[in-house]
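Both of the next two complexes hold subunit A, though its partner changes from subunit B to subunit C.
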Partner chain A sequence: MKISKEKFGQSFDALAAEYQVIAPVRDAGGVSYKAVKKFSEVKQDYLNSKLPPKSFFFPQHEKLLSYKKEGKDVTVKNELNVEKTILFGIRPCDAKGFLLLDKVFKNDQYRDPYYFERRDNTIVIGVACHKIAPTCFCSSLGLSPASSAGSDIFLIDLGDSYQIEAISDNGKFLMAGLEGLEELSTEEQTLVDTIKSAETTSKVDVSTITTKLDKMFDNPYWDTLHEKCLSCNACSFSCPTCHCFDISEEVLKNEGSRVRTWDGCMAPLFTLHGSGHNPRDQKKSRWRQRMLHKFNYFVHNNGDIACVGCGRCIKNCPVNLDIRQTIDGVNKAELVVD
Partner chain B sequence: MEQNPYIPITMKLIKNLCETEDKLVNTFTLAFLNKEDEENFKYMPGQFAELSAYGHGEAPFGIATSPTEPGIIKFSVAKVGCVSNALHLMEEGTMVGVRGPMGNYYPLEKFKGKNLVIIGGGFAFTTLRSMAVYMLDEKHRADYGDITVIYGARNPGLLLYKEELAEWETNPNINLITTIDKPAEGWNKHVGFIPTIVGEVAPSAVDTYAVVCGPPVMIKYTLPVLEKLGFTPEQIYTSLEMRMKCGLGICGRCNIGPKYVCKDGPVFSMAELKELPSEY
Partner chain C sequence: MTSIIDDIRKTARQLLTEEKVDVVIGYEKGSLPLKATPCFVRSPQDVDKLIWDETCENNLAAFVVKTPGKKAIIAKGCDSRALMVLIQENQIVRDDLYIIGVSCQGVIDQRKIEAETGEIIGATITDGKISVQGIECDKVFNFTEVKDITCQTCRYPNPVLEDVHIGGSIEVLQQATLFADVMVMENKSDSERKAYFKEQMGKCIRCYACRNVCPMCYCQECFVDCNSPKWLTGGVDSAENLLFQTGRALHLAGRCVECGACSRACPQGVDIRALSRKVNKDVKEMYNHESGLTEEVKPALNVYSADDPEAFLVKE
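Right, the complex of A and B next:
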C-alpha cells in the first residue's frame, strides 16, 4: 500500500496531539531525534542521526527514584513516568538495535521496568535508507537498508508518497486509522523492489567471528590494536546496542535522587573495585572486552551479534579506529596453539 | 504491579558494631520494618544485596546472616569507599535501603551428605559465616557430615565474629581452626598463612567439598594445597567480588566472559571458573 505524503502528514499532525512524536530534525549537531508537533518540521532527507535513538527507551540520564530524609527517616518515591510515544523515521539499523536491547533489559531473572514501560508505550515507524553512507555495513549483519525488523510500521520513501507496511499488531492498529491508502502503481512497485534489494557497499565477514573469538582471549592480536584509543567512549555512546550504565546519586541537602547514566567499558574506572583492584585496568583488556562482548559474549547469551553495522563508532572515533578493520583483523589473526 | 528491582525496601539500622581492632570493618544489623518485606526477602547463604546509604549511593555486600536468623540481616563491611564510609558513620536507628537478595548461593543441596571444609581469610568471612550458621542450625545439621572451618586473619584483632568463634571452639558440631599470620601475645592457637595451615590440617578430600573465600593471593596459594590433598576443581567453590551497579545482569560491568558475577554468580566452582577467561 502507499499513502501520499500530504495525507500522511495530516494524520501525523493529528497523532501529535495524542502522542509524544519524536522525529528526525536538523540541528546544530547534524540530525537529531526530537519532539515535533508538525510533519513539516521533520527532516526527510538524511543519512542517520548523530546519536542513536536508544535514548528514548534508555535515556542518557534518568531518575530511578527520589528520596527525602527527615532525621533518621527516609521516604522513597519511584520516578517512573512514561508518555505514549511515536518514534518516527527510525533507520533499519537502529530498529534492529531496539530488538537487541530488548534482550539485555530482560534476562532470565529480571525485567527492567524503566526500559520496558517506554518500550511498551512506543510505536516505532521505520523508514528505509535511500542513501547509504560509506561507513554503513548493515548488509553484513543480516540487515539491509530496507529491513523492517524492529519497526511497527515501515515506510519506503517514493518521493511524493510512502510505501507503507504494518509490521506488528501495534503497527496494524495505528495504520487502521490512516486515511488515503492506495495501491502502488507498477512503476512504484519496481522502485520499491529496487530499494529493497539495495545493499551497503562496505562489507565485513562475521560468519565465523564468534567461534574464532572463543579461542582468542589470549591472542597477541589484542596487544597493539588498542594503542591509539583514547578511552573516550565515543564508540559506546554512539552505539545503538551499547547499554552499560552507572547508577549514582544527585543530592541537595536532605533530598536527592538516584539516577542512571550511560557508561562505557572503555573507561578505566568502569570496573575499578573499592579495594583498588581492577580486572580491566589495561586499555588492551577494555578493547578486547568491547569486541568480545559484541561478537562473542552477546551471541552466547542472546543468540545474536550486538552490532548492527550503523557505522557511528567509525564516524565518531576521534582517532579513526574502525570496527570493520578490527573484524577483518580477527578473521585474519593466527590462532595461538598452547 | 510488577516489582521494580531498582527500588530498595527500607530497613532500620539497629546496630552499628565495630568488628575489628583496626576499626575498618563494621557489622551492620538491619531490621525488617514489616512481615511482608521479610517474606519477600527470602535468601540463602552466599547471596548478596545492594545496600543504600541515601545521600551517598548504594553498593553490593554479601549477606552475613543465615536465613535461620529471622527478623534481621547483617552485613560486615570494610570502610573503603563513599557508601561504606557513610554506613560506618551512620547512627543507629537510621533508615537504609536494601535491594535483594541477589545472585546465586552456595550449593547447599549438593553439599548434603558431604563433609565441608570452609576456608576464609580476613573480612571475606561474611557469607562463609552465613553458610556455617545455616548448616549448624538444628534443622539442617543432620544433612551434612563433618564441618571444618579454617579461618585466618593477619592478627587476632582482625578476626570477625569473635564471640561466635569462641562458641564454635567448644561446639562439638563444628571443628574450628583459627590462625594468625605472626605470633601475638595471648594467642595460643595456630600461627601461619592459610595455605600452610590447610596443608597441616590436611582435610580429606573424600566425600568433601571445600569453599574458599579470601584475598586473591590467599586463594591463589590455597588452591594448589587443596589440589594436592585430592580436591578436584568440581569439589572447590568460591565467591567472587566485582564492581557492580545494577545487580541485575544489565549494567554490564561485572562480567567474566559471558557470565555476570551479579546474576550468574557470585558463587562459582573452580571447574566453572576454569571455563572462563582469567579476567577477575
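Right, the complex of A and C next:
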C-alpha cells in the first residue's frame, strides 16, 4: 500500500496531539531525534542520526528513584514517567538495535521496568535508507537498507508518497486509523523492489567469527590491536546496541536519587573493583572484551551478533580504529594451538 | 630531491635497524578518506606504511607516556610543544625519546568539507587541492579553505624540540591581533555567551574523547572519574557538561599547547577550544607565558616563588 506524504502528514499532525512524537530534525550537532509537533518539522533527507535513538528507552542518565529523609521518616518516590510515544524515521540498523536491547533488558527471570515501560508504550515507524554512507555495513549483519525488523510500521520513501507496511499488531492498529491508503502503481512497485534489493557497499565477513572467537581468548592478535585506542567511550556511546550501565547514588544532604548512567567497557574505570583490583586494567583486555561481547558472548547468550553495522563507531572514533578492520583481523588471525 | 615522507621513512628505518629505538610512533593511511591513523612501527620492514600529509591530525605526544621502551615520534610543532611540557612535568624521560621533527602546514577539518559534500566517499590531495567525492556532491577545495581552525592561527608550525628535522621550515603567519577569536567571544553580552555555551555543552555526551586525546590530560585519576568525593554527576545536561569542560580547561591553564586535537576528536562537534583559547589568552596576558616553548620556562601555574610580589602569597 502507499500513502501520499500530504495525507500521511495530516495523520502525523493529528497523532502528535495524542502521542509524544519523536522524529529526526536538523540541529546544531547534525541530525538528532527530537520531539516534534508537526510533520513539516521532520528532516526527510538524512543518512542517519548522529547518535542512536536507544536513549529514548535507555537514557544516558536516568533517575530510577528519589528519596528524602525528614527526621526518622524516609519517603521514596518512583521516578518512572512514561508517555505514549511514536518514534518516527528510525533507520533499519537502529530498529534492529532495539530488538537486541530487548534481549538484554528482558529474559525469563527479569524484565527491566524502566526500559520496557517505555518500549511497550512506543510505536516505531521505520524508514528505509535511500542513501548509504561509506561506513554503513548492515548488509553483512543480516540486514539491509530496507529491512523492517524492529519497526512496527515500515515506510519506503517514494518522493511524494510512502510505501507503507504494518509489521506488528501495534503497527496494524495505528495503520488502521490512516486515511488515504492506495495501491502502488507498477512503476512504484518496481522502485520499491529496487530499494529493497539495495545493499551496503562496505561489507565484512562475520560467518565464522563467533566460533573463531571461541578459540581466541589468549590469541596474540589482541596484543597490538588496541594500541592506538584512547580508551574513550565515543564508540560505546554512539553504538545502538551497547547497553552497559552503572547505578550510583547522587545525594545532597538529606535527599538524593538512585541513577542509572551509561557506562562503557573502553574506560579503565568500568571494571575497577572496590578493592582496587581491576580485572581489565589494560586496553588489550578491554578491546578483547568489546569484540568478544559483541561477536561471541552475545551470540551465545542471545542468539544474535550485537552489531548492526550502522558505522557510527567508525565515523566517531578519534583515532580511526575501524571495527570492520578488527573483524577482518579476527578472521585472519592464526589460531594458537596448545 | 627526496620528499618529506621518504626522509621520514629513511630515518625511521635507520633508527629501528640500528636498534636505537623499539618503536616509531607515526601515522599510516586510515580506513576512511582524508583520515590518517596513528601507528606503531616496530620493524624496519614496516616503515613504508608511514605517511605524512594534511590528514595527520592526531597529536602523537598523547601516546608517548603510555608506550614503554625507547621510542621515536613524528612531531609537528604542536606535538613538540606537548612533548616539551611532558618533559617539564617529568612524565617522559628525554633520553628514551627521539623526536623526528616535521614542520606542519596544518591539518584538514573534515567537518568543513562534509558541510558541503555530505559524507566523504573518496578524496585525493594534490598540490594543495583536495578533490572530494561526497555523498551529496563532488567538490574541489583549496587546502586553506578547509584548514582546521586551530591551524589557521598557529604560531608554532615548526617543532620547538627535535633530534632531527625533516623537510624545510614553514614561515610563521603574522597576525595583526593575537586571540582575535577570543575577543569576539569576550565582546558578546553575558546572555549571548551563555546561550552559546549552553548550546555547545548541550551536545557533549561525556565520552571523554577530548580528554583522552589530549597529551596534557594524563592524570591517573581524572576529577570526573573520582567517586569519593563525587565532583560531578553523570548527568549529561549542559550545566554538568560545562562543569567538566571548564574544569578541564582550567587544569590546562598554562599547559595547553593549542593543538586542537580535543575539538577534532569530539564526535559531537562541541566547540571545546572556545574555553581553552580564553584560558590561553589570560595566561599570556597575566604571565606572558606560552606553554611548551623552552625547557627552562616551566608552565606558568607550576612554579612559585617566595619573592612573588602578589599579595595572595602567604608569608610567615
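Remarks
FYI, the second predicted complex is superposed on the first by the 334 of 338 C-alpha atoms of A that agree within 3 Å, B and C clash if a C-alpha of one lies under 4 Å from a C-alpha of the other, contacts with A are read in each partner's own complex, and residues count from 1 in each chain.
Convention: a contact is a pair of C-beta atoms (placed from the backbone, for glycine too) under 8 Å apart; a residue touches a chain by one contact, two chains touch by 3 or more.
Bear in mind that the values here come from a model prediction, so they are computed numbers and not experimental data.
With the two structures aligned on subunit A, subunit B fits next to subunit C without clashing. Contacts of A:314 after superposition on the shared chain: subunit C is touched, whereas subunit B is not.
Of the two partner chains placed by the overlay, only subunit B lies in contact with A:273; subunit C stays clear of it. Contacts of A:64 after superposition on the shared chain: subunit B is touched, whereas subunit C is not.
Once chain A of one complex is fitted onto chain A of the other, the partner contacts of A:176 are absent, as it touches neither subunit B nor subunit C. In the superposed model, A:28 makes contact with subunit C only, not with subunit B. Looking at the shared chain after the overlay, A:337 reaches neither subunit B nor subunit C. Touch criterion met: A:256 reaches subunit B, while subunit C stays clear of it.
Using the contact criterion defined above for the overlaid structures, shared-chain residue A:114 touches subunit B, although it does not reach subunit C. The three-chain arrangement built by superposing both structures on chain A places subunit B and subunit C 90° apart around the Cα centre of subunit A, to the nearest 10. Contacts of A:246 after superposition on the shared chain: both subunit B and subunit C are touched.
With the two structures overlaid on their shared chain A, subunit B and subunit C come no closer than 6 Å at the level of C-alpha atoms. Subunit A uses residues 246, 248 to touch subunit B in one structure and subunit C in the other. Contact residues of subunit C toward subunit A in the complex are 30-33, 35-40, 58, 62-63, 118-121, 135, 199-200, 203, 205-209, 211-213, 225, 227, 230, 233-236, 261, 264-265, 267-269. For subunit A in complex with subunit C, the residues that touch the partner chain are 28-30, 47, 50-51, 60-61, 131, 133-135, 224, 227-228, 230-234, 236-238, 246, 248, 250, 259, 261-262, 264, 267, 269, 314-316, 318-322, 324-325. Those residues of subunit A that touch subunit B in the shared complex are 64-65, 67, 69, 72-74, 76, 78, 80, 104-105, 107-114, 217, 243-249, 251, 254, 256, 258, 260, 263, 265, 270-275, 277, 279-280, 285, 289, 292-293, 296-297, 300-301.
Touching subunit A in their complex are the following residues of subunit B: 2, 4-8, 10, 52, 54-59, 78, 80-81, 84, 91, 93-97, 216, 241-243, 245-246, 248-258, 263, 277, 279-280.
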